[in-house]
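What follows is chain A paired twice: with chain B in the first complex and chain C in the second.
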Partner chain A sequence: MAVIEAIATTYLEADAATVTFGSIPATYEHLQLRASLRSTELVNAMRLKINLNGDTGSNYCNYNMRGSTSSATGYAQTGAAYIQTSDGMHGSSLPAGEYASFIMDILDYANTNKNTLCNLRAGSALLHTDRRVQIGSGLWDNTAAITTILFTPNAGSFSRGCEFTLFGLASS
Partner chain B sequence: MAAFTVIDHQELGASAAEIQFTGIAGTYDHLYLAASLRTDTTGTHLWHDTYLRINSTTDATFNSYTQLELSSISPVSGTSTSGASIRIGRATNGDADAGLFNPLIFWIPNYAGTVGNKQILSSNQVIGDASSVTYWRMLELAALHAPTTPAAITQLDLHSASGTDLFVQYSSATLYGVTGA
Partner chain C sequence: MADPAYIVDGVLTDGEAWVGIAHAAVSLPAATVTFTSTNDGQTGDFSQYMDLVLVSYGRNGDGSASVMKMHLNDDTAANYVLQQLYSDGSAVTASSTTTSTYLDFLWYPPSATAANVFACSVTTLFDINSGKFKSAIAQVANDMDGSGYVALVANTWKNQSPITEIDLTDYSGNNIAAGSMFSLFGVLPRMVA
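Then we have the complex of A and B:
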């Protein structure tokens, strides 16, 4: 087995309200997702929402540090219904063809002794005057192994051309 | 040759003072480490510093770092110009919510070179309490290991702040070797 394997890739041939990776095997040590993101909503940038294993309860925490043009801010949230980035994707008011970049690491995702904590990185609107870069962390307060990841834009749908690839990282 | 190779993976079956990677071969271009850590230390801030020792060095003049930190919700930056080990991140402690281990990821490019110093780029987040943000922390850190005589990195030791603090059972770390084409 290769050390890094692509578990699945979703490339959107048409706009889609959500993107889901299901039946994620527990055979890797870590997960990494890389995505290219844009929404149909007529805004510059927006949040990306993430739910794990179908849980939509208030069981998530969010922690973000965001650079916005020339200022830095922090954001922390308990009891959330999803993990979210701080403006981690583009809206449709940006030039056509501009997609934001997003990387998420989930270490030890199948270890049922550990709650799930995701490492999030995103950059958006980099050719626009309303620029964003963010480093973040999302906690799912649950020790279950991750088997499903659901992505939803905060408004609108994922635009045609969005691409998501989920990788598994082995430890042997 | 594969781009990523697992050099070693360790998951603690019992508490231990250090997670060590020894005898690291010089056959890769870069090193990448992914760890999930928790300590047995107690303290109301719910986290404890995690340190990286390189090549068993204890000379404080060898190490320095610059960090960008999110402290609760305030971004701050800082530097250190000395330390026997590099404070590479933080891990939840024994007073944190059960099951909360925190991620630490770092890269060491060109680790096997014998000319020039070694750079480390680290990313770490700590959430020790799911109901209060007071002691949440996020750390992005760039470190320099600059021994008097530059040498390939052959050993990495992750350890806590003092010899009596332990990483708890299920703490884990995977060290990868990364190779270009």
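Then we have the complex of A and C:
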């Protein structure tokens, strides 16, 4: 097995309300999701919401550290219905060619003895005054192996041109 | 023209998603490190990749500057926008620039720093062949054994052209130290039904 395999790429040729990766095999050690994001909603910045295995209950936590122009802030949420970025993507108020950058690592995702923890990095809206760079974590309070990942913009739909690729990292 | 080894009859036979494009190990002080797309359908052809990842390990060779510059497609004009979040071990600071003349990817030790101390970073350039403005995220570790920084930097290059060349230079035009190393990887997509 290759060390890093691309499991699947979704490149949107039309706007889409959600993007899902399903039937994720348990044959890797870790997962990494890399994406280029934008929403159709006429706003500057917004959250990206992430649900695992179809769970929409209040079973998620988040910590984020964010730089926005000259402001550095921290953010946390508990008992949430999804993992989220702190304004990690943006809407259609920005120049048409600008998409946010996003990387998410899901470590030891198939281990059923651990709650799932994600490591998030994002950069967004740099051509706007709502520019952000952030690093964060997302906890799903469940030990199930990850088989499905659902991405939803906080408002509107994912714009045409958004790209998501899920990678599997093999065990050493 | 022969296909790369991982493509047989137009099909990816190896599931390896990261392809090593080039590795630049600086054996003598050097002013510039350049990666150029070979545009030949081979491993070095940037046009086949979704993303590029640059792993850097650097030090200033003979100057006091503490930043390296990345230029895309020879663009040295003020077409880069960046947002930083960094810490010196005490304060956490955010800073942004909308008229940068370079992409910010590596903060590194000046030449007066104790010997053998290098900084490292991992930089992702996203969707490099799209019609989007090109974006990047760099995660930087610049630990100088008593001082230093850790940083996360988001960058946007205000240009919608595919990336075909990457130039790395010292901020003040000094040399990059011998022992510095830069490895460029191409990240392949996987289109499935």
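Structure notes:
Please note the rule applied: the second predicted complex is superposed on the first by the 171 of 172 C-alpha atoms of A that agree within 3 Å, B and C clash if a C-alpha of one lies under 4 Å from a C-alpha of the other, contacts with A are read in each partner's own complex, and residues count from 1 in each chain.
In this section, a contact is a pair of C-beta atoms (placed from the backbone, for glycine too) under 8 Å apart; a residue touches a chain by one contact, two chains touch by 3 or more.
All values reported here derive from a predicted model rather than from experimental measurement.
When both complexes are overlaid on chain A, chain B and chain C end up clashing with each other. Once the two complexes are overlaid on the shared chain, A:S137 sits against chain B while remaining clear of chain C.
By the touch criterion defined above, A:L107 lies against chain B but remains apart from chain C after alignment on the C-alpha atoms of chain A. By the touch criterion defined above, A:M65 reaches both chain B and chain C. Using the contact criterion defined above for the overlaid structures, shared-chain residue A:R34 touches chain C, although it does not reach chain B. In the superposition on chain A, A:A155 contacts neither chain B nor chain C.
Shared-chain residue A:N119: touches chain B; no touch with chain C.
Contacts of A:V3 after superposition on the shared chain: both chain B and chain C are touched. Within the superposed three-chain model, A:A81 lies out of touch with both chain B and chain C [touch as defined at top]. After overlaying the two complexes on the shared chain, residue contacts for A:E163 are found with chain C alone; chain B is out of touch.
Residues 2-4, 65, 72, 135 of chain A contact both chain B in one complex and chain C in the other.
Taken in their complex, chain A has these residues touching chain B: 2-4, 29-30, 61, 63-65, 72-79, 105, 107-108, 111, 113-115, 117, 119, 135-137, 139, 141, 143, 169-172.
Touching chain A in their complex are the following residues of chain C: 14-18, 50-51, 81-86, 92-96, 124, 126-127, 130-133, 135-137, 139, 152-156, 158, 160, 187-192. Those residues of chain B whose C-beta lies close enough to touch chain A in the complex are 2-6, 9, 34-36, 68, 70, 72-75, 97, 99-103, 105, 123, 125, 127, 130-133, 136, 138, 140, 169-170, 172, 174, 176. On the chain A side of its complex with chain C, the touching residues are 1-9, 11, 34, 36, 65-72, 95, 97-101, 103, 121-124, 126-127, 131-135, 161, 163, 165, 167.
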